[in-house]
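Next come two complexes, and both contain chain A; in the first it sits with chain B, in the second with chain C.
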Partner chain A sequence: MTDYAIEAAGLRRTYRSRTGWLRPKVKEVEAVKGVSFTVAKGELFGLLGPNGAGKTTTIKMLNTLLIPTGGHARIFGKDVVAETREVRQRIGYVFGGDRGLYDRLSGLDNLRYFAELYGIPPREQKQRIGELLELVNLTGRERERVEGYSRGMRQRLHIARGLLHRPSVLFLDEPSIGVDPVAARDLRRTVADLAATGTTVLLTTHYMAEADELCDRIAVIAQGELKALGTPEELKHHADGRTVLEVEAYGLEDETFKDIKNLHGVREATLETQGAVQLLTVQSVSDVDVQPSVLARLGGIRLGRVAARQPTLEDAYVAIVAGDRS
Partner chain B sequence: MRLIFVGGAIAYRALFNWTTPSMFIGTLLVGPVFQLLFFAYLGRQLGVANDGFYIVGNAVLAASALCLFGGTMAVSNERRYSTLSNVLLSPRSRTLIFLGRALPYAGNGLLVATFTLVVGKFLLNMSVPGTAWFGLILTLAAASLSAAFFGLVLGSIGLRFRDVWLISNSMVAVMILLSGTTVPRENLPAALRAIGDFLPLTHAAAAARELAGGETLANVLPGLGLEVAIGAGYAIIAAVLLKIFEYESRRTASLDTL
Partner chain C sequence: MRVLRLIGIGTLMHFKTMSRGLFEIATGLIVPIIQATMAVYLLRAGDEPQNMVKAAVGAGLMGIWSSVIFGSGGAIQRQRWQGTLEMMVIAPRPLALSVLPVTIATGLQGLYTMAATLGWGWLLFGIVPDFSHPLLFLVAVPACVIGLGMFGLLLASTFVLMRNANAVCNTLEYPIWLLSGMLVPLTVLPDWTNPFAAILPTTWGARAVHEAASGGAVWPSVAACLAISAACFAAGALMMSYVERRARASATLALS
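Coming up: the complex of A and B.
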């Protein structure tokens, strides 16, 4: 009997696409390039990475929806290619966004249908569905058609669907995408409760605070390769020896941003637009104070808050991913 | 058994687009009656066959569009709702999941075919022996079931190819031409007649016409048996294709393409 809930060893996946009729061109993209990791039973494991990094492809290989082009993976010792039925009995899969449900049916009928697909006996179905509706706070709304549900309600229904058959491993692929802050907080609580009761959870997310709060360990994947693996505290060491300067700016232009990135002592810089405000985040080596030179470059631009702080998991993530790009 | 019947019924409500009263009445009840009248008057004009030929043939044919498109929707609409991944993650038998989905369409097809036959009979004053009705209903049921399984074959192709509606649309026209429901098979070239032999509805249409003409059920049983065998054949083909195309979709990552 294996000690691991999930084992991935040298997982690879290449996509082939073909365009054109007369002179067809075949293009190959290596989405995942030999990813290896293990997840212990009951662990809450995060898989982080930028868009197109290979997170969803990795999850789909682990949950049997995609056949790897190389390497192998096991769920509780069962091979994801050779023993698909055994794997599927043990896993649940929830993906983000508002699709993946039958819009014309009520929430209750969606759950009833998936309960049939997992062979849950009729007597148990009613009780289980009731429990899950309670868990995801949809009691009282279950007889309404899903087409009238908000995105948050749909996401909660997805979670209930994924848990119907009491899976030992739950794959959550960006479950909080597009969900409002209150719903996202409830979702985090639900995920934490699941892990606390022994369910192994593999979570992908773009929200670092979510990963930091929830995950026992995190793997960072970029360009199809595993770049870092460890606890959130361990990953934060990737930003050791750095300080972070945050500046709120209005009207920062690309040229100025490029200049700042090239300043002496600057390791990484990101610019994020939040409504009318641009949030400039500059990571620099600790022994160089870049604040005066950054502010000098921003001369003439209207500024808001300026603050220096210690690196967070997000800064470490940026350091890992950007380090890969450089 | 629950997966076949309960699962099939829920999937029908989830995936069949024509269940609203306006769509159901317009597309499934009124449409086939007008099609029947069109062919009956065309037949009269051209002197090809009598009204009875078209009433029975079009009643059998009435089940085809519903069963063909329904069978296609039963699989292809999973892509539309992005639910295909969730369904395929079920550990249960694909054969039970998807063959169960054909049954509500077959039942619906029987209802539509019977309605078309009864309305056609009254509108065009066709006489049908009272003793023939049981056999006729049985024949229409066999036709609907084989057409639904044929539709499921088309739907299974939708697991692998996104443009399956092109095939379904063409197949409806093929059925009109080759199944003997609207064009007398003796007027067709031998090669086309041979293709018709392997299509759903062909043998049911012939059996239904014999029943309406006064033949006993016992005498049309061989034809009815052939229709059932063809339906079973398509059910097996659908089950095999679903297995192959599911594997291929996982291999080529085409599950989520719309």
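Coming up: the complex of A and C.
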């Protein structure tokens, strides 16, 4: 028997879509291009990547919703294509956003329905549903219709639903998307508690901080390929030998930004707009001080705070994702 | 037992979601009135008063049909939009068992339409539903609902596979009404349609209901309806597992 909860070996997935009726054109998208990793029992594993990286596609191949076009995967040694039923008994699946629940039913009815689908013995149902409502903090609201729930409440109900049958592996696809910060924090605590009690969790997110806080190990995925894999500490080394310069600017032009990216010593640069302020982050090799040349380019532009600092995991993530793009 | 419980609770839940929208409530009220009116004016010319009950029952059966065709297709489509189709597929049960409650619930919705049509016929046009075999009517109607639910399951498999299968169901609706002779007696149709009609469970279900309403041996038709329904279920279950695999290969379970 295997010691791994999840094994993915060379997973690939191509989407074919047809457009046009009269002269149909077949369009192919290679969403995942050969991804391999293993997750140990009880591990909290993060799949981190920007939008469109192939995270959802990877999760759906692991949880039997999509058949891979190449490679194979196993959950507790059971093949996701050949032993679908065995895999489905062991996994739970929760995704972010508004979908996946019956809006016109109450939270309780949703849970009762899914408890039947999962074949939870009738005698245990009531107690199990009570426990889960308690766990996700919905006790007292369970008789209201889901259409009246907030995003955070829906997400919590979704999690309760995913846990009904006590799965050994829980797949969480961007669970905190669209959830307010306080709810997101509660959600992270729930996920951490689950992992602490022995459930293997595979979580996808595009928030670095979320992955850093929760995950034992992180796989960074971009353009359908695995770019890096390791503990948050290990991933930080991808920014070793770099220094980060942060500048707040008002009215920075694209042209100037491009110039800065091409300066000697600059490795990566990102520009983020936060209200009226633009936050320019420049990663450079440590032995070149790029601050004077960057500030020279920014001459004539109103600036706020300027600060140099050591790289964080976030910077490492930027370096990993952007690294191979050129 | 577990399976029956799943079907029972599943049907109840799907029936709840289906009957709670404003649109559904409005159509549920209006359609039976239109059907009762149409049936009465189309067939009032007939000199036998029996025709009235026949017409109302026929209209009611049409109601059941349209809710199974629109219903089973529309319900699968709605599950896809809601993201709950994936949740049904990922549960460790044969997909047919998760989908069957959807099609039975739509059949039940149609049952309501039939009752309402009879009610309006009584209220508005004074057609007293005096059935030849009132008790057998109560047997024939559930048999018909089961026939519709099982046949709906077979149809539903198409919808699981195809993301825009609504077109298919709209084209099917009229021919199947006619074939199963819900309003038009079978003898009016050209002979070549007979074999087709005979293999639809709904033909026999409709016949059983008509016989219970206006006289005839009800049991043989009920038996035929249930036997063909069982065959439909077996075929539907096979289709479902095949179609599920195809849908996982072609990525049509979700919208994006």
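Following the convention adopted for this analysis, the second predicted complex is superposed on the first by the 326 of 326 C-alpha atoms of A that agree within 3 Å, B and C clash if a C-alpha of one lies under 4 Å from a C-alpha of the other, contacts with A are read in each partner's own complex, and residues count from 1 in each chain.
In the analysis below, a residue touches a chain if its C-beta (ideal position, glycine included) is under 8 Å from a C-beta of that chain, and two chains touch if they have at least 3 such contacts.
The structure displayed is predicted, hence computed values, not measured ones.
Engineer: For the three-chain model obtained by superposing on chain A, do chain B and chain C clash or fit?
Structural biologist: Pair status: clash.
Engineer: Considering only touches as defined above, state whether A:A209 meets chain B (first), chain C (second), both or neither.
Structural biologist: neither
Engineer: Going by the contact rule set out at the top, does A:Y118 touch chain B (first), chain C (second), both, or neither?
Structural biologist: So A:Y118 meets both chain B and chain C here.
Engineer: Based on the superposed arrangement, let me know which partner A:V285 touches: chain B (first), chain C (second), both, or neither?
Structural biologist: A:V285 contacts neither chain B nor chain C.
Engineer: Should A:A296 be classified as contacting the first partner (chain B), the second (chain C), both, or neither?
Structural biologist: After superposition on chain A, A:A296 lies in contact with neither partner.
Engineer: Between chain B (first) and chain C (second), which does A:A40 come into contact with in this model arrangement: first, second, both, or neither?
Structural biologist: neither
Engineer: Once the two structures are fitted together, what part of chain A is touched by chain B and by chain C alike?
Structural biologist: 15-16, 63-67, 85, 88-89, 91, 93, 95, 99-105, 109, 112-114, 116-119, 122, 161
Engineer: Which residues of chain B touch chain A in the complex?
Structural biologist: Touching chain A from chain B are residues 2-3, 6-7, 10-11, 13-15, 81-83, 85-92, 97, 247, 250-253, 255.
Engineer: Any idea which chain A residues touch chain C in the complex?
Structural biologist: Interface residues on the chain A side: 15-16, 63-67, 85, 88-89, 91, 93, 95, 97, 99-105, 109, 112-114, 116-119, 122, 161.
Engineer: Which of the residues in chain C come into contact with chain A in the complex?
Structural biologist: That would be residues 2, 5-6, 9-10, 13, 16-17, 20-21, 81-84, 86-93, 98, 245, 248-251, 253-254 of chain C.
Engineer: Touching residues of chain A toward chain B in the complex: what are they?
Structural biologist: Residues 13, 15-16, 63-67, 85-86, 88-89, 91, 93, 95, 99-105, 109, 112-114, 116-119, 122, 161 of chain A touch chain B in their complex.
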